[in-house]
Amino acid sequence: MIKKTLVLIAIVGLLMVFWPLMSNFEFSQNLSELASNYVRGSVNELNTQNVVTSVIVTYRGLDTLGEVTVLFLATVGIGFLLGKRKGKKRPASELLQTTSSFLFALIVLFGVYIFTHGHLTPGGGFQGGVVIATAFLLLMLSDVNMKFNHTILQIVESFSGAFYIVIGIVGLVLTIGFLSAEIIPLGEFGKLISAGAIPIIYSFIGLKVGSELTNIIDTMRGE
Amino acid sequence: MKKLKHSILLFLIMMIFWILFTSTDIQELIIGVITSLIIVSMMNKLQPVLGDVKLNPKSIIYSIIYIFVFLKELIKSNVDVALRVINPKLPINPGIVKVKTKLKSPLGRAILANSITLTPGTLTVEMKEEYFYIHWIDVTSENIEGATKSIVSNFEKYLEVIFG
Amino acid sequence: MISVIMIVVLGVIMIVAGIIALHLKNLLAAIITAGTISLLASVIYLILGSPDVAMTEASIGSGLTTIIFLYALNKVQKEDKND
Amino acid sequence: MANIIYNIAGMISLVAIVLTFIRMILGPTVADRAVALDGMTIIAISLIVFIAYSFNRIIYLDVAIVYALISFVGIVAIARYLERGI
Amino acid sequence: MIFTLILGFVLLLIGIYGMLSQRNLIKIIIGFSIADTGIHIIIVSIGYLRNRTAPILNSAVDISKAVQQVVDPIPSALVLTAIVIGLAVTALMLSFVVELYKKRKSLSIDDYQELKW
Amino acid sequence: MELTGAIITLIGSLFLFLGALGIFRMPDVYNRMQAGTKATTLGTILFLFGISIGHLECGCFGKISILILFVIFTNPVSSNALARASHYVGIKLTDKTVKDDLKKDNIENKGEKI
């Protein structure tokens, strides 16, 4: 009982900290200077339709590199922690097996669509990678004996990670900075092949995230 | 042979989907062809479900007719469910019955099960070899023959021509 | 106007779902109810004009997080059965 | 005129979400809650398409497709967990 | 928008309450994910500007006046990063729970008191 | 044309509402699933179709038809998986139930747990 009261007191204290922040908050009417620069630069310098993509991939590219590193470390940690275990599983229904072997192709195709069109439509490497991992998850759910080749997954993951870094360093050598998009001609605004290196970088991120998440799910599933 | 047919059909379906996603721009088409080829070659371990489809004029006509039969049954089933839900007495008489099917190909059986689920008052619960177990919201005939006649045979005669 | 109505209704549902999820005894039911919060949050992001975040939340928050919870719960309860 | 009818349709689907959520709160078993979640995601897809219409951005439709795919896999995962096949 | 700001704070408080008051390890992680969602909603709603649209400059937006028509892209980018990292953290926490369960056969936090002070 | 689309959308949303009402009112899991699957499928199809023919100029017909195809393919599969799982777990059917062949066959075969 005394614990509950202590927790409630803590919550009320937090509320009193947050309340002045919330009641005095003023919503701005215009974009800040930095955001307006990003929006203008996305049109004029990078030829990218989706401003969020240009912020993530180029203007704030180092943050994204850190994020990919965190994801990689989490994969390694989970692989160390969880071992393998056995148990009896019930096979999936025939309808699910038939449908999943057909839907798998369409889901992977949609994932590729998302990360190659990251500069034109919402979405990008992370979302596309998650969709591809979901397709593999569907296969795992429909077939209890499905085994994945971890070597191929790790090869895909490390090669796409390495190429991501290499493109960043090429940008450092050839043009103004790390992960710059202007190492390739920028192309026409609104077409698929435009925005310089952004689609290529996002495709590598998508492949890396997809193989990493497949690895995480497969490790958590056990054998 | 079956596998080759499956690969070609899957490639065509994926290209149609890619064009619907994007447009008929030449850059998009090139990327789509490359992606579809990679995915099709990656999938050779899975079972070739599309290999059973027959490609002659009769089966194509039957599949077009099948779509209209299916849409008619879908609308009928919705009106049926809607009337049951609105009725304050909730007139249901449910049960799980067993029906028999003659179809052999996996895709044909899957489409039959999906069609049964979307038509009036029936829901596929389990598929075991030649028997389907179906939850029926208003059981009118309790033996296998009667249930088969009123649930399955309407679709089966079309699907038998399409999938063989 | 219509977006304000939507945000109020969906927000009330999300708050109730959060309270219910913490009070349910059955862990699987709690996970399903907590998944509802992420599912509706992505609609709210869409109304706030950030479709990228909505897509990420729909795919990661409601899909993969739920599934990872399910796998962990499966391991924990399978150990139970073996004893 | 057409605009008003579209808005009424959106409001009706909002009411439908509330109904499925009440079933999720009440539902005596876990399977009931899963059925309610299934219905809720299908209705939410319609709601997303409605938002795309009313803000006049067809580009939001990609979000609806991702939503449909992921929720399907999620429901299948819950079902497979229930029957101990995960 | 003020409503989503309030919604985010309420979800944050519910999540913190759950983390502090629950005794079950998995319930604590559920509380963490609720608080996570609340914080994301707060950050996104700070970047919202009234009567503006998403920062994707296709034919629906006048490109020469884009600065006056789109919402702030920076909070979106931040939250996108945060969601992915949240998934990694949740997976790591759950694998710790599974390992702890293997040692002690218990999910209650009262059984793990070696480091209590 | 726009008015036609609006009316189709309204009918679709009514079906969605009836499906939700069915999920709310029906007595057991299987009957809830019946209402939830059928009515919401047709409701979603009509809702999306109405919006796309109300706005032919936006060029969204392709994506909406993909969405409709996905819904038709995936919705019955997830219902089937849920129904099979709930029968395996042993959730009881409602008292009005007439017969249960699957349970009878499982007892006769003794291959599977009920």
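Order of writing sets the labels: A, B, C, D, E and F. Residues in every chain begin at 1.
Convention: a residue touches a chain if its C-beta (ideal position, glycine included) is under 8 Å from a C-beta of that chain, and two chains touch if they have at least 3 such contacts.
Note that the coordinates shown come from a computational prediction; the quantities given were computed from them, not determined experimentally.
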Touching both chain B and chain C, which chains are there? A
Farthest-lying chain, centroid of Cα atoms versus that of chain B: E
The chain pair with the larger count of contacting C-beta pairs, comparing A-F against D-E, is A-F
Distance between the CA centroids of chain A and chain B (whole Å) is 34
Which integer distance in Å separates the CA centroid of chain C from that of chain D? 12
Whole-Å gap separating chain A and chain E, where each centre is the average of the chain's CA atoms: 16
Distance from the mean Cα position of chain E to that of chain B, given in whole angstrom: 40
Residues within chain C bordering two or more other chains: 49-52, 54-56, 59-60, 63-64, 67-68, 71-73, 75
Residue numbers in chain E touching two or more further chains are 1, 6, 17, 21, 48, 53-56, 58, 70, 76, 80, 84, 91, 94-95, 98
Quick one: which residues in chain A touch 2 or more of the other chains? 50, 52, 90, 92-93, 95-96, 99, 110, 114, 121-123, 126-127, 131, 134, 137, 216, 220-221
How do the chains pair up in terms of touching? List each pair. A-B, A-C, A-D, A-E, A-F, B-F, C-D, C-E, D-E, D-F
Could you pull out which chain D residues touch chain F in their complex? 1-3, 5-6, 8-10, 12-13, 15-17, 19-20, 22-23, 29, 31-32, 34-36, 38-39, 42-43, 45-46, 49-50, 53, 58, 61-62, 64-65, 68-69, 72, 75-76, 78-80, 82-83
Chain B contacts chain F in the complex at 17, 19-21, 74-75, 77-78, 81-82, 84-86, 90, 92-98, 113-114, 117-118, 121, 123-126, 133, 135, 137, 139, 142
Chain D residues within the chain E interface of the complex: 55-57, 59-60
Help me check something: in the complex, which residues belonging to chain A touch chain F? 90, 92-93, 95-96, 99, 103
Residues on chain F engaged by chain D in the complex (per definition of touch): 2-3, 5-7, 9-10, 12-14, 16-17, 19-21, 23-24, 29, 32-33, 36, 40-41, 43-44, 47-48, 50-51, 54-55, 58-60, 63-64, 66-67, 70-71, 74-75, 77-79, 81-82, 84-86, 88-89, 91
